[in-house]
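Following this line, the structures themselves.
Both complexes shown next keep subunit A, but they swap its partner, so subunit B is in the first and subunit C is in the second.
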Partner chain A sequence: MSTTRNIRVDYIARTEGDGAFDVLIDSNGIVKKASWNVWEPPRFFEAFLIGRKAEEIPEFVQRICGICPHSHHIASLRAIERAMDVKVSNQTVLLRELLHYSDWIMSHSLHIYYLAAPDFLGYESVIAMAGNSDLLPIVENALKIKRLGNDMIVVLSGQEIQNKTSVIGGFTSVPSVTDLRKLQDQLKKMKEFAYDTVKLTNTLASQSPYKDLSRRCEHVALQDVGKYAINEGRLVSTMGLDVPEWDYPKYMIEKHVPECNCKHSIIKDRDSFLVGPLARVNLNFNTLSIDAQKAAKEIGFTTPCYNPFMSIVARSIELVHAIDASIALIDEIGTPVFERPRFSYKAGKSFAATEAPRGTCCHGGQIDKYGVVKKWDIVAPTARNVYNLNKDFEEFIPKLLDLSDEDLTLKCEVMIRNYDPCQSCATHSLKVRLQRE
Partner chain B sequence: MDEKIIVIGCGNLLAADDGIGIYVARSLKEYPLSNDVQIIEAGCPGLDLLRLWENKKNVIIIDAVISGAKPGTVHVFNLNQVIPREIMPLSSHSFNVVDAIELGKILKVIPEQLIIVGIELETEKAYREELSPSVEQAIPVACEQIIKEITNLKRI
Partner chain C sequence: MGKPKVAFFKLSSCAGCQLTALNIEPILLDVLGVVDITYFVMAKRENHGGPYDIGFVEGAVTSPRELEELKKIREECSVVVAMGTCACFGGIPSIKNFCGMTQKEVEAKVYTELWDIKSMPVYGIDYYIDVDYYLRGCPIDKNEYLILIKSLLKGINPLFRFHSVCNECILKENVCLLIHKKKACMGSVTASGCGALCPSLGRECEGCRGPASDCNAESLAEVFMKDIGLSKADVARKFLKYAGNTPEFSKGVGHYEHY
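Showing the complex of A and B:
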């Protein structure tokens, strides 16, 4: 006799920040309610930035997150620079890209090996995984590759996590060519492991039931000219969106919803959408590094891929790309030369976007002629994805009703972790509740 | 192998008593310590502890403890003891010092001597900066305990 099933997880593990999910299934197997609730308290960043000076904004906003600080930092820098008409050198553009790729390497490796892989391998955590001697080398290398991301940030910015050197107009100090070359050697050493990771994650995501689950939704990402978009580009989608990044407020619409500290996002006149590695790989496959494309082709990855459980594979493909791109950037930067960052205040309004490890990160606002911020808008990628995840729940849970409550709960958690959510950023975490009638 | 004694304060200053490890690390700097003692304020490092203690011989961790003891109680653990995982606070990715020790042992990235000085908290309420008086009064007690542990480590 079937009964109501209510799956509720009040603290979703292995994600950043605090969130919960709640699923109610009636006796006919219909999903009556499926929601991911980000309940991390709002932090009012947008409000307390009002009245601050423009140069303080990139400093403050990189404190939003410990895992993607530079996604916020660079988006805000670029919005301010566009508003105040500040031009930066090519070296600054390249150093910012390298700085942001360090976030990608750190964040992608943390997510792939530590947060997501245990789900697919059936382990409670990475520590249990390390207890298996076959998997131990993976855990050891995972630690090394994540550390490499941290080391890159130290070289580029003088300290771990948030940077001290990147400001409006450029950098207050630049790394030495010797330190950059040392990083490059380390990146070359880690490349093979990243390449093998694509095969590993593909094997994991291809197991039942994941390989048969797919849902066609709009995928959105920045698209740059001649290179994989990370710090700038046009906003494009699988459904024909193609607009300048600074027009994001016109096309990416946010609305408040009850029970959730995070707003829901839709594309104007359409529906929920997905941002992140899967969307980027789908939209920008041809600008991935040659070896990242090769790794994808070897496993038979074809675009567009609408299976959200393949996001761990997309993330692995991007890890290869991030290493290749960083190696190439270090060559292109050569011997960095100190250039004094210069800017003057000018009234203006603008918006900009970057591609955070977990998706498109939007910043922008209005500055007066004294450089005082009058308004500031921040939309973190997880905030874009919350509504889309709720739609994944509605689509996939009815297909998984034969599973036990315990297994179904795990699958719901995996669906959330597919997004590598940063719930702290989005509030603007994870608990699951499954209820069956 | 780095022979220095590394003292790592852990905690979140924005979550009330959870920040106690950082407060103790800061107070420790007021004590006359020899040059071979290095103090690190680590925030909530989770598994990053492995990176902080790699190649270090002697390490002391200061962190909050939630065991049900009287708030302000100073606990001392070492590597030979089994520390119940649930009494140590978690990082935002749900890892804590016990996880770091367990993974460190498997990966053989573990100091020869590792002491954990834990201070029982009263509340880990988020978005509160100050310590509870019961926990604040434990700061000098914890510092004295750490000085003792440093002296012991030097003898080994």
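Showing the complex of A and C:
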């Protein structure tokens, strides 16, 4: 006897943007179809950037995403600077790193506490969590740590969301040493909470059924020399990829999939791959801050870890690292001095990548001698992960068929949220539609 | 009266304005105490249908499906707020309206298989529906957002004055970027409310809040060409950015149809 069950969820809540997912399970419990469908038209950044000036690109592309603007911004800045042969000072390099770590602190705490934790704790939202007096202290600290990330961004770039000060060649204004020291004090105060976050998320992700679900796939991330990669590095993977970041178009291939506005990504001559915190922690564990490594070891986290539900733990480990790295960067920056950003137009072509909170973010293109953009390529991390997410579904759903429709739908949502998807980046739309024949 | 039911809707956008609505941590829990957020997909799993008292709409309309959604939003919300520059004027995605390519050409630049892609020129939401209040800016200004919420709770009109950014620059005693630094600053034609954020940080105003109430775009375009040395195409790019759809800013472009 075959049973037919249809489950339809119009929006996946607590992700950035909204989308659709179709799952079709036949009567033998085999997943016939698992595809992430994006209905909403994209905003065509790659098209309308053509004909704009080089200095406008970083201003525009950060507006791809309100949650990880700086990842897009810095990747495009570096690609343009490499194409036009613009050199930046060491202070600019350090300030950009600090800016990006601020974004990590904001985005990681937003994801862990606002978006993901309610799943594991059985609440519909962080707002509902705040209604429980036992959880209220955690929610209050979560608000504080996210605020800290925001405060850092405000000090460095003027406003929480879109950057106002960072331009080709440097910064139009630099923060005062007093403001940086104040942030440093705050960072030191919040570190303990970040440390506890690792333990908390590990407890959550170690629940059944999550703890037994793992799937081996290629993990890809940037790798820097002597430090945890965030703004630059070589592209490496758990299956031996090791190429300069500007060669990404040769090795990370995109293909258009019918019925989906979001392109699917594979590694050349191989298959789907994963980018994001789990891939980074797996590939770059030794360059995490000492305390981040200690926090990981205390909970028994071992690399390589192929359980996507452990992504939230990897994100927490990175939260500790981001705080440590920011504290060290503020020391290294010392008293920032204003340096007038300078550049001149030059014809050129280049590509660059950064590590966005949710994975490797790639930008690049071609500029003519008048500074007019001829071609621009953008591949956001969520676009990289879509195909891999589909494979997670194919692997995990058959193992969860005993669950009720309601519970299975929630577990599907958790699988999606593992990737901290940013669907404005990948273009929009995510709907879960579960069909059982 | 019970707590007003508030909904947050997202059309084509970056979610930055919704995030700004959450970026009020010190008083977030207080705000949640006075309004009932019944629909906010990015923040909650349990979202309820309309009618709503206040609907914040983020993003621009770029597809027929979104247009249907927008019309439904208008029917369900007593008050509709255009939240952010994309919803107010079309914002950054509206640049594609002026890039000199047809809709199909734009699509073909990004995708190889076009049969299932349905996109249309990008406009702000008041091109299609009546809008009660506007929160300008890319992203919105937090304080304006709170002023609007407080005003709506009290049943009074929020007092937003859209004089030019220059007014706020003068109050801050900033050195003029246009006159003294010869930077192509859009402050004199752009609506204030941001506290002259960019010019105060040494960055020229890019016009993200759209035209000021006394916008004289033709005059600024002339200054850009004569004093700053911008080409006609550069001037067109300046005005065809966040609010190129507005008649005020399109005057700055002159006879140049696109850059």
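What we mean here is this: the second predicted complex is superposed on the first by the 427 of 437 C-alpha atoms of A that agree within 3 Å, B and C clash if a C-alpha of one lies under 4 Å from a C-alpha of the other, contacts with A are read in each partner's own complex, and residues count from 1 in each chain.
FYI, a residue touches a chain if its C-beta (ideal position, glycine included) is under 8 Å from a C-beta of that chain, and two chains touch if they have at least 3 such contacts.
The model shown is predicted, which means the values in this text are computed figures rather than measured ones.
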Superposition on subunit A - do subunit B and subunit C clash or fit: clash
Partner, of subunit C and subunit B, that touches more residues belonging to subunit A: C
Which superposed partner A:R52 touches (first subunit B, second subunit C, both, neither): second
Touched partner set for A:G66, first subunit B, second subunit C, both or neither: both
Subunit B versus subunit C as contact partner of A:S173, first or second or both or neither: second
Touched partner set for A:S125, first subunit B, second subunit C, both or neither: both
Shared contact residues on subunit A - subunit B and subunit C: 13-17, 41, 66, 110, 114, 125-127, 130, 143, 147, 150, 424
Residue ranges of subunit B in contact with subunit A within the complex: 47-48, 50-51, 92-95, 99, 102-103, 106-107, 109, 126-127
Residues of subunit C that touch subunit A when the two form their complex: 10, 12-20, 22-23, 25-26, 28-29, 32, 37, 41-47, 62-63, 65-66, 91-93, 95-96, 99-101, 105-107, 109-113, 115-119, 122, 138-139, 142, 197-198, 200-203, 206, 234, 237, 241, 258-259
Residues of subunit A defined as touching subunit C within the complex: 11, 13-18, 39-44, 46-48, 50-53, 56, 59-60, 63-67, 69, 110, 114, 118, 124-128, 130, 143-144, 146-147, 150, 158-162, 164-165, 167, 172-173, 256, 258-259, 261, 263, 424, 428
Of subunit A, residues touching subunit B in the complex: 13-17, 41, 66, 110, 114-115, 125-127, 130-131, 136, 139-140, 143, 147, 150, 424
